[in-house]
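You will see subunit A twice below: alongside subunit B first, and alongside subunit C after that.
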Partner chain A sequence: MNSDEVGVTKMSESDVVNEAEVSPITEEAFEIEQEQRSLEMERRLARRRRFLQRVQQQGLALVLIVVVCIMWVSSPYFMNKYNLLTAASVVSILGIMAVTETLLVISAEIDISIGGVMALVSVIVGLLVGHGLNIWLAAAVGMVAAAGVGAINGIITVFFKINSLVTTLGTFSIATGLAYVLSGTTTVQISGGGFGFLGSGYIFSVPSTVYFFLAIWLVGAYIARYTTLGRHIYATGDNIDAADRSGIRPNKIRMGLFIFNSLAAGFAGLVVTSELVSSAPQIGDPYLLAVVTAVILGGASLTGGRGRLSGTLLAVAILGVVQNGFALLEFSSYLQNLVTGCLLIMAVLVDQFVRRAEQ
Partner chain B sequence: MAYRKSNGIKVVGRVVLPVVLVAGMAVATSGAGAAVKSSNAVTAHSLSNPTKALCKSGKTYKIGYEVFSSSQPFAVSVSKSLVAAAKKVGCASVITEVDNMNGPQAIANVKTEINEGINLFVDFQVLAPYQQAIANLLKSHHIPAVTIVGALLPGFPSLGLDPYNGEEKGMLAQAAFVKSKYPGVSPYFVGGAEPESGAAVLLRYKGAVAGFKKAFPGLPASHIIEVDTNGTQSTAYSVAKQAASRIPAGSVVMTQAVNDEDTAGVWQGVTAHGGFKAVTAESFGGDSYGMSQVCANPKSYAGAWNLEPSTWGPTALTLVMDQENGKKVPASTSILGVQATKANGMAGCK
Partner chain C sequence: MSDNVTPLLEARGITKAYGNVAALTGVNFHLNSGEIVGLVGDNGAGKSTLVKTLCGAHQPTDGQILIDGEEVTFSSPKESRERGIEVVYQDLALANELSVAENIFLGREMKRSGVMGLLGAMDRKAMYASAIETLHSLAIEIKSVETRCGLMSGGQRQAVAVARAIMWGSKVLLLDEPTAALAVVESDKIAGLVTGVKEKGVGVILVSHNLPQVHELCDRVVVLLRGRVVTELHRGEYNIDDMVSWITGTALHKK
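So, the complex of A and B:
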């Protein structure tokens, strides 16, 4: 017989009664205390998360200011209204894709087929116009094809549970290959029908591409911040099983995001085709790295559940200034690749650091 | 609505990219400096019209032809012109094999052709790492050969473009166009380079700069702006559009790049920037896209420097048959090109 058993046998009847009366209250108090502690911890975590997000955002703004200042000092042509508008118009194309890619990354997926989709849409438009179809109808067919690629990405990723990186790498290759096959690797001149407005139009002296980007950004930011759909996207990325159990339909959301992302890439393809007055299978080549960099640099986490479109906007602006600076200073594309790669790695490291700090 | 389908030498540069041009041009140019002064380089015009005189009495010439693509426009043009030239001389026939950019397949194709009894060979395989094996096969069977553009075929003569002089002449043609339309101006030049494709392609840009300096001597260095097109029209567009901010408003801006598509991108980018008195261009390569640009924009395009892909097949045929006939051929033969404009009818405008 051990000492505990001895202790119990020594307790009086009244003690037993008292214990029976007190015990539930103590347990309840304990549970309440635990719950309060847990809530407090969650609140602290949320505060820390908000703080880190603010730091990230302000850090980005700081980087933007520094980059602008460097460029201002380095090139007398930089701080010129026309140059800034030019830079904005150039970077808006990647911005259009960065918006939907950000939402996709928040949902813990990624799409690297965008360059292929751009090329495919451009080539389809060229082919159809060549066969006498109205340019806007051809553009509509191109967009349907883009949506088709998005749907394939979604179906393979969501229903066959294949990693989206692998899926979209495959569809990138397919779409690019198809674009080359359909075009016979040729460049096709397209013009007329007011199509030029998409890429080269101006409204109140501001390039049309800037309006397209801002419009898509505003819609994206509104959805992410103020709508149920936005909250569901975050919940899907944060914990897909929990989201599923709580009545959110994460598969539907991810499917939709893949399709919208491809549509954005298709639209960007149309804009570039319009700018160049030509369709070509190579038009998507320069965009993939820049778009992914903008998204990650903007604070969207590759593991999902976190990211803001305001961050993406700042990141797009940073990349725009860097690109413009490189063009003005006649730096080689090697150096630009180097800088973009460094920014991407830095952004991923910062994301990792923030995740650890949150825990 | 305008629509024109192009067939482009540019596509060789893009699809086959550095391997083709860097390695291939090595023969034609033998490095940056040598290319310009190469004593071996001859223009192809004297060779581009093979006749029955190439046929030795009673002899038949079975020519193996290995080509990297059956759809790429420049390759198609070369292939068609080779077959047509063989038909024209009468005593030659061409056995064509396509490798679709698959090196091991190319080697297998050459073996197949040797088994079929070819006695001459024209090489348009563009992957440099496989050329030595092909050269060894041909040497072991004592088959005379010539290689077109792509990659060097060690020990055999080559046929390629003259990048430096071609671009320089193209620039001089554009300068004449500018001087006639805007006499007395001090223009700016935005040149599309593609340094990532190697020294041979960079020679094209250098040739254009040399032409600009020759046409407008004494202009400050700020009048020459190099943009890195990275080999795509869309990049050419965006970098040129941004770099144009360095040029004072109201200037006349000349544009040129390493091929037709890049030239179009640079010209479109600078034009889209706006604010200039005029933006002119000279296309380089002369593929149908370049020609369509010349036809569609006659006020801006001086013309296209046409490398005449349809002359490459007959020239290759002459070079390879001359070898079989015991005639000495130059180690490298360069296609200089000619100016194609709307006015001279060579652009083929409707």
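So, the complex of A and C:
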């Protein structure tokens, strides 16, 4: 009787002890297992993310190599020093604008008025030179006008909080319209005063436009990669409230970017005017879509905060090869549009996949 | 916590009216260094209005705000930040595409010395080192300060936001619903972080709906009801049910 009782108490005691010992261990084991599982998942996601990022970054280089190879095989005239320099010179005009446009897109804005600004600047120069003004002074007036359009873009977008796509669509229309009205749709001959150097000069047998593009690109890439201003541009596009609360002035930054982008378009307008030796209101037409394509193809995201100038450089090079190659092969320019359109959509899709992998 | 000590932050008779509606009426509030004060109340009790008034986002209709016993007026959150009041908002105000270190230094980047500095170049190495040191001193575990914030969990991001506030020498840390969007484990980590911050002598105001956490963390709890301070509860002198009855106002009728 007694021994039974003792046995019972002993049993229950050992049970209690067991429970006290076992439950924390299993709980711990459970926690560890869960942690390991989530770590494993995290690692897998990270691997996927890295892969997609690599596709995004190195995919462009791959596309460039592929198009170069295709053109090399298809046309005997492609891999030729003079042809390549011509191609570079043509695409550099687009590149000049793509640099500032990339920075603007990183700040979550866009400017599609650039074609209009090019036309306006060209026509203003033509008009003033026609009235006997010195060509460089006329060019300076044109650049002031370009800065003015940029300032208007900035003021309307930043201070009246209008979507920049709408703002710049409006100013594009206004600038183009103004260019046609001022010129009376005629072209004016422009030459002399060394102005020709802008569009068709050579230094060490490399076209001047290539130097302009590379210089602007280097400055842009340096700002984006190494400077505090660069951080502030990214932060503005990424989270404008955060930027504002950190004491950055996102409005000032966006304002400045609009003005610089317009100045780049104005400069491109001068270069094209110099190249054609005449001013005309339709010179900006082919550039608008090409510039935006280069920026997006280069990986800059329209939602802001994302983009690299190395990507823009590669995208400009790709567009240059495609343009040049299609001209050499005597393909229709419509087919060229088709190909750049496909590239653009592919670039946007890859960007989407990267984003989804990050969520 | 003796009454002779000049409080870090004090609000006297704060009234805030929107037209005829009074959001706050004669609110007195103070915060000492190294103290965690909870601010609780039902929705619409005036918590967020008080927070916004203290950090300068709103200007009080009447009343004074004092920092270290000196009267101040803030016309914007920027001015309050200059005086050492840092708010960590619910949305954290982090740039997701930038790294941890870049976020901590956002707007206050270190420049390189010499010509490169004049050209606007950042001193990344120094920034990273300094960010690591700060995170370390707060016992925040983050694999790398080069990680983009967008890739981190809610709790880690919260920790980065708090670290940023602490790094810039704020004396008063205002946490607006810090754990509302967090998993339980992460929420516990934030609790640990807040305690660490307190030990550095920083005063913490914790606005939260998480009453058990407020009960556990706060030295003092100020309860707001319809724009007035109805009571102050001190650590160890109340339980969560008491707090609830003050928040809902039933404690008033019992008396």
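For the reader, a short list of remarks on this structure follows.
Keep this in mind: the second predicted complex is superposed on the first by the 304 of 359 C-alpha atoms of A that agree within 3 Å, B and C clash if a C-alpha of one lies under 4 Å from a C-alpha of the other, contacts with A are read in each partner's own complex, and residues count from 1 in each chain.
The criterion applied here is as follows: a residue touches a chain if its C-beta (ideal position, glycine included) is under 8 Å from a C-beta of that chain, and two chains touch if they have at least 3 such contacts.
All values reported here derive from a predicted model rather than from experimental measurement.
Within the superposed three-chain model, A:306 lies in touch with subunit C and out of touch with subunit B [touch as defined at top].
Within the superposed three-chain model, A:200 lies in touch with subunit B and out of touch with subunit C [touch as defined at top]. In the overlay built on the shared chain, the residue A:83 is in contact with subunit B alone; subunit C does not reach it. In the superposed model, A:226 lies in contact with subunit C only, and not with subunit B. Partner contacting the larger number of subunit A residues, of subunit B and subunit C: B.
Applying the stated contact rule after C-alpha superposition, one finds that A:235 touches subunit C and leaves subunit B untouched. In the superposition on chain A, A:69 contacts neither subunit B nor subunit C. Contacts of A:275 after superposition: subunit B is touched, whereas subunit C is not reached.
No residue of subunit A contacts both subunit B in one complex and subunit C in the other. Residues 1-8, 10-11, 14-15, 71-73, 195-196, 225-228, 230-235, 237-246, 260-261, 264-265, 268, 272-275, 288-289, 292-293, 296 of subunit B are the ones that touch subunit A when the two sit in their complex. Every residue of subunit A that touches subunit C in the complex is listed here, in rising order: 49, 222-223, 226-229, 231-232, 234-235, 237-239, 241-243, 245-248, 305-306, 358. Residues 77-78, 81, 91-98, 102, 106-109, 111, 119-122, 150-151 of subunit C are the ones touching subunit A in the complex. Considering their complex, residues 75, 77-78, 80, 82-83, 86-87, 89-90, 129-130, 135, 180, 184-193, 200, 272, 275-278, 280, 282-283, 285-286, 323-324, 326-328, 330, 332-334 of subunit A touch subunit B.
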